[in-house]
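Down below are the structures I want you to see.
Paired with chain B in one complex and with chain C in the other, chain A is shared by the two complexes that follow.
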Partner chain A sequence: MTNMAVTCTDVSKRYGNRMALNGLTLEIPSGGIVGILGPNGSGKSTLFRTLMGITRPDSGNISVLGSVPGWETNAKIAYLPDRARWYADHTVRKALDWGSSLLPNFDRSRALALAHEMNLDLGQSVNGMSRGTEARLMLILCLARQVPLMILDEPFFGIDLISREKIIDALVASATEQETTVLLSTHEISDTESLFDYAVFLRAGRVERQGNADSLRSQYGSMRDIMRNLFQEEVTSQ
Partner chain B sequence: MTGYQELGALVHHELSYYRRERDSEQHLGRRRWSLSVPGLIIWFAVITWQGPNIRFNLNYSWYATLALPLIAMGVATGHIVNERKNGTVGWWLSLPMPRYLLVLSKWVASILLTAQRSFYVAGIALLGIYAMMLNGTVSPTIVCHFLLNGLTWTLIMYCLVPPLAALGLFMGTLTYSRWKDLIPGVWLMLVATGWLPVAHPGLYLTVNQALTVTIKPAFALAVFATWLLSGFLLWLATRILTRVTGL
Partner chain C sequence: MHLEQRDVGSFRFLLDLSQPIYEQIVQQLSGAIARGDLDLGAKIPSVRELAQGLRAAPNTVVHAYQELEREGLIETRRGQGTFVTTSATVIHEFRAKLAQTLLNQFLQQMERLGFSPDDVRHLLREYPKEGDRT
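So, the complex of A and B:
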């Protein structure tokens, strides 16, 4: 774990009066599953959008897989946006066609296998899907890509326990078999506690704490305990 | 994938997306049919009833082609704005393709979709000929004149479809940026530009008493200028999506 998947140096991004990222300096090593954790408004989604080149920071430097974020780098990143929806008029099959034609390194056979595992019917229309089923489809589009970096912003939102377990298995398989670095933000810490190899805790657009997950656990307790100790005041005030 | 293949794949997505979106919204689709089919029947009935008494120049009906550039603008704006409304903007903007291709594909798709929506022009032609048959003025010469005039109006309006589609995309991307307050100003500029042919009658086109339209050389220059403007607007839209998105 010597190469850095992501490096941010003094990165700031302001939306009106609010600093979404406030001099963020961060290094995320390659390999494994990295939890990007923190309460609402701590800058997780903004960080992900800047890594994808969707949002440009006001100041600071960012490097993703050794390059400046932008559309060229996105060929090597599978990204699940925050609060994303899928094209309501697509069927599952059409969504996989979309992935095959527009996403580099999209493994259609893997996508089909994942769809089967997650009980998605290829002819099913997105229009009539529950939020959870739609979220599973969007995750398949990310998990079926053979890329060095995967960024998943709240991937478990609205997903039931059984599907969540299947997704976690698929994530672990991606991280180990394909050596993909997975950056994952989630509020479902109880279910994902054991998933993380590395964790970054953000508060108000800055890194509050980061490190190897095992070291953090031995020093401060479980991820849930760290979250509670670091952010209890903010969570209760929200 | 080459740039052309990427553009082709994106345009295909844009075209099929719009079509299927319309199909999937069954309620809206039914409402459209419930409005357009009775509308056609009513027009047909009115022409059948009043056809023998129609005395006005049927060439007036070609003014309906003025809607074509506005349709292009609406379709283009909708394609950009809907990405955000539908929650798919993150997928769209994170595609590993240059932003100019993302913008260009929506522009091409808007032009093609406008062409798809311009079949009402054929309806005008058929209803016009039907009215002539009823009032007894039909003759090969008159029908040819009517159709040629319609074709000229349609071609003139098609010349304005690319710049208006580009303007629609530009206005759509403005909604993504910190500059969205400029939109009313852009509308004012559009109205001012639309006033030019009225302020200089006969400079770009002439319409005689029989409502036959003649294109003047200045029109070709104006079209060339608006096409150059299209390129500039597409460039601006790309810059906005690259640099100043408020996302």
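So, the complex of A and C:
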């Protein structure tokens, strides 16, 4: 049996009368860059929060790195949430110091090297960062950790092309250097789809299609084609 | 079909995002070696450089390099990088194998049109020589 990074069996989560996850069943093999794709409201962020144990599902089973989500598995996961909070008096350097004192397996010298590569000004205050700067800082806090699983929720959202290229370069470098499974959700599919070696397409809280990305490509075409075919109504109505 | 051009060093890749990326890396690199665009013993991009340049998953590049190594077309020297083979014989044999594959494909297509290999031989003899073509 292949090692699974994530297994979900019939997972459901209801918010009011909306099913954020609706009988979601999923198996993600270890290693590689995994695209978690789907229109807004398809359950990507909710899935990530349940993997982090932040949100408890109403029913179903979840296994992350072979265990039930909780503080023990979280020590092995670098999570980039869909929104961030910073300490108002922090500079970029202080935020990285905070990371190295609080985040398990955080490599401070790697964080500083990444900040240099990605042109982050260490003296800059986190207050009033541009979206691109904030996204780079959030990503560094993830990439500087030596962990078996990274969960990146929309790391490119609202980010200019140059920052996006820097982030992709850093992500690829990090995936080359360490054995990590990277789960990545994104709307910027045209920039990123060649990155994936596994892809999961979600719709209305369920898995619509999943598999090895090269197999999906030979069977259905590009990731963008698959998105278009599966989610035509949702995508055009956005 | 939508092709994306991606340059890695002096090397130009054309990626078709609707086809498996692994196969495209293998075909384009082995093609460049067979054509002689890459010299014997030339250094080729590291896994990281190629993955960054193509924006491809490092695993995919690793698998493509493993396939090229199995073919004997490239070799990885510990701590130094990855290089095109220094053996002209290996490349010669690979070219012969490629030629055979293309020939087989061509003959199969001709056969579907009703031409036997002997018919094809005859057609080739009649085919204008390079200097005679306009």
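As a working rule, the second predicted complex is superposed on the first by the 234 of 238 C-alpha atoms of A that agree within 3 Å, B and C clash if a C-alpha of one lies under 4 Å from a C-alpha of the other, contacts with A are read in each partner's own complex, and residues count from 1 in each chain.
One rule holds in what follows: a residue touches a chain if its C-beta (ideal position, glycine included) is under 8 Å from a C-beta of that chain, and two chains touch if they have at least 3 such contacts.
Here the structure is a predicted model, which means the values were calculated and not measured.
Annotation: superposed three-chain arrangement on chain A; chain B versus chain C shows no clash, the two fitting side by side. Contacts of A:127 after superposition on the shared chain: chain B is touched, whereas chain C is not.
Once the two complexes are laid over each other on the shared chain, residue contacts for A:102 go to chain B alone; chain C is not touched. Applying the stated contact rule after C-alpha superposition, one finds that A:201 touches neither chain B nor chain C.
Rounded to the nearest 10, the angle at the Cα centre of chain A between the centres of chain B and chain C is 160 degrees. By the touch criterion stated above, A:231 is placed in contact with neither chain B nor chain C.
Using the contact criterion defined above for the overlaid structures, shared-chain residue A:49 touches chain B, although it does not reach chain C. Contact with chain B, but none with chain C, is seen for A:85 once the two complexes are overlaid on the shared chain.
In the superposed pair of complexes, A:156 makes contact with neither chain B nor chain C. The gap separating chain B from chain C in the superposed three-chain model is 27 Å, by closest C-alpha atoms. Overlap of the chain B and chain C contact sets on chain A: empty, with no shared residue. The touching residues of chain C, when paired with chain A in their complex, are 2, 4, 15, 17-23, 47-48, 51-52, 54-60.
Residues of chain A that touch chain C in their complex: 31-33, 168-169, 172-173, 175-177, 191-197, 213-215, 217-218, 221-225. Listing the residues of chain A that touch chain B in their complex gives 15, 49, 52-56, 71-75, 77, 79, 81-90, 94, 98, 101-104, 125, 127. Interface residues of chain B, counted against chain A in their complex, comprise 6, 9-10, 12-13, 17, 20-21, 23-24, 86-91, 93-99, 242-247.
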